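Report on the structure given below.
For reference, chains read A, B and C in written order, and residue numbers begin at 1 within each chain.
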Amino acid sequence: MSEQMPNLVDVDDLWVKFPTRTGMFDAVRGVSFSLGKERLGIVGESGSGKSMTGRALLRLIRKPGIVEAKQMKLMGEDLLSKTEQEMRDVRGQRISMVMQDPKFSLNPVMTIGDQIMEAYSLHAKATKRDAKDKAMEMLKAVTIRDPDRVFRAYPHEMSGGMGQRVMIAMMLAPDPEILIADEPTSALDVSVQGQVLSIMDRLVEERGMGLIFISHDLNLVSSFCDRVLIMYAGRVVETCRADKLHEAQHPYTRGLLNSLPRLDQPRDRLEVLKRDDAWRDAASVVETS
Amino acid sequence: MSATDTENQSLRQWLLSEAPMSRRQARMGAFYQGWLTLKSNRLTMIGLGILLTLLFVAFMAPLIAPHDPFVQNLANRLQPIGSDQHLLGTDSLGRDILSRLIYGARITLYIVTLVALIAPIAGLFVGTVAGYVGGWADAVLMRITDIFLAFPRLVLALAFVAALGAGIENAVIAISLTAWPPYARIARAETLTIRGADYISAVKLQGAGPIRIITKHIWPLCISSLIVRVALDMAGIILAAAGLGFLGLGAQPPSPEWGAMISEGRKFLLDFWWVATIPGLAIFTVSLGFNLLGDGLRDVLDPKDSGDE
Amino acid sequence: MSGVEIENLNVWFGDGEDRVDAVIDASLRVESGASFGLVGESGSGKSTILRAITGLVPTWSGKMVVAGEELGDSRSATFFNKVQMVFQDPYASLHPRHSVDQVLSETLHLHGYDDIDKRVPKLLEDVGLGTSFRFRYPHQLSGGQRQRVAIARALAPKPEILLLDEPTSALDVSVQAEILNLLVDLREERKLTYVMVSHDLAVVGHMCEQIAVMQHGKVVEIMSVEEMRAMRPQNEYTKHLLTSSLGYSRPESVR
């Protein structure tokens, strides 16, 4: 990345902690990364802290959880010192988030159109007509063929893939600078998955948006993203270029890759990941670009 | 001192062990976890305290009551609170109110226990059978339930007592008859969601029959929400029993039932307020105790919250 | 002898206007000792076939011969000694209030075993769980451990045929590898027949010798694993599935 272009996001030494009966639990431990106008993948298994990292960026960690960082900046603005009121302007308008299952993120008793219009006018203070035009435009942008019908439809009338596209349309209506997608396609069938990904892909290219793509699927991340952070037990164990993921060095990444069954390389037995406590204890890897 | 400390420590570890070595340890561990959750809620502990006190008082009544609750002394009637020998005063027949209150705790406990045994079990049975079997059995059982639900509880209980005759046993039966339908509804709703779960399919694939599935797999999951509901309903049941007593259809004089005591005191309410108020406060306190405990039990027992963390 | 033989199976739910056909005219044959994969997207009817075999769906027509028995409306008591199933979600397939010990003891009891106290530890060992897991409750187990318990439950009656309904789709990849290895080992040791449902072609390719592809309730193609690995399917839809399973391919317009 060239020096003069400012990063969209700079995170330095991010910690997410939860107090429990038995002491402090660190969900994220000293994660540092920066995001440009690119697709950044965060991969890891469940409990690795990848979703928490995404949520921490929006300061969406529920109490009594604590977010700490040396710095967490959005285009040079400090996110940590913002008040809750100011954060509300950031969420949705400047950083949007798409969750795993659209069924739980859409309001079941509002039509799709109303929800997109609401998302848009909440931030843009547009007239109703403008909001409607924008909603239709967004629905078209996510390649929904019949936007009129979808505009009037309720969430339960949507299939999973359609619902996820609507979610993306809603999240993109206020023209955010950054989109955080938390397992956006794992609830979808493979054929639909491709369509949803290509929509996000195009938006990154055309709007110069930054995308943080959180997933457990190594193949998907390596073929879709530009850069990957691999997380284990709350810390980043390795970063690399996505297309070089299959040449990754860290034993954890190697273990994950080898435990995947592959059509092109049949094996009698899959390799089983042997976890090493040292991976857990070492400090987070900082990018060397 | 330190020896007992380490002993306590090891008992705690034994109970909280993630790898119990025997059935007994696993079960005790589960209980202990529940107890810890319950203990962390102060209001629940207050509720539990009230009910333990009720239990203690009812059990030890002959030992702690200062007077015989049935001995009348007309010369000493309607004494105020704090008078000599009678801490809470006397009623219109000169009987010691405190002693009557203490003996009345036994009756309250008796009613509560019987209703708590009859109504939820009947409801559980009807609800789970209706929910699991479905079809016409469901339709018939649920319409019967609806009929019972269509009347206000006290009115229906009044009708039953009138038909069965006044008396404490009949009051209990009447209250139970009116209290089971909501439990049947809850049990049925739970059964409908449990019925389709994979773990029920899995046990079907082992060749288990409907009776085993209902009693061993569905009941354990319904019981917790029923216990919560019973604890929360107890206040209403005590009030219904007191209401019947107040109307002269429950416990008969000279029985020191709290509702009947209020009813007697009612005649002197303006001049001698404590005669009716004291048993009223007792009813209020015990009802509150059950409510607080019920709230806490919900946190511990609700299968939706516990289990996966 | 064939393990599973299905001819013209139709399964539907509801009646009249509400009728939904979940499986349409499906025919397939699994040799005894073979491992057969059923792939397709959600709603393609692949799991429904397994549920029809086990008698969990009441409305079906066609012919099913499984483990030498021609299946009717109900399943005989001995049927479940021969055919068992592992469910998709290990978080939903274990009773939340039953300990591992209760689950396995009840299963053994239902199948008429007496020496339960001896068999439970043995079963746990077979699936790679130590006896220390015996008295735990499901919430004290990880997803992989739960799935091992579910496999132990299915193995308890010593079945010939194991139906696997997406046994690893709810698990992390490293845990998936452990479970798949366990299943491969068990099949070798016990000469089991597998019918495995999955949406993941790589998993089915790893586990199975023959694969049926389903779409909208119909079997659109049956092929050998070699054909699949060589990416030589006959059917358009299968081709599409295979290419999407390789990961994201960036369209030209976006590059």
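Methods note: a residue touches a chain if its C-beta (ideal position, glycine included) is under 8 Å from a C-beta of that chain, and two chains touch if they have at least 3 such contacts.
Quick caveat, the model's predicted, so the values are computed rather than measured.
Q: Going only between touching chains, how few steps reach subunit C from subunit B?
A: Tracing touching chains, the least step count from subunit B to subunit C comes to 1.
Q: Which chain has its C-alpha centroid at the greatest distance from the C-alpha centroid of subunit A?
A: B
Q: If you average the CA atoms of subunit B and of subunit C, how many Å lie between those two points?
A: 47
Q: Using Cα averages as centroids, what's the distance between subunit A and subunit C in whole Å?
A: 32
Q: Between subunit A and subunit B, what is the gap in Å from one C-alpha centre to the other?
A: Computed from C-alpha means, the inter-chain centre distance equals 50 Å.
Q: Using the touch definition up top, name the residues of subunit A that touch subunit C in the complex.
A: 45-46, 160, 189-191, 193-194, 197-198, 201-202, 205, 216, 218-220, 222-224, 255-256, 259-264, 266-273
Q: If you look only at subunit B, which of its residues touch subunit C in the complex?
A: Going through subunit B, the ones touching subunit C are 18-23, 25-26, 30, 197-199, 201-208, 212, 216-217, 220-221, 303, 306-309.
Q: So in the complex, the part of subunit C that touches subunit B is made up of which residues?
A: Subunit C reaches subunit B through residues 54, 56, 77, 80, 84-85, 87-89, 91-99, 101, 106-107, 110-111, 132-133, 135-140, 150, 153, 156-157.
Q: Quick check: in the complex, which residue numbers of subunit C touch subunit A?
A: 41-42, 143, 172-174, 176-178, 180-181, 184, 199, 201-203, 205-207, 225, 228-229, 240-242, 244-251, 253-254
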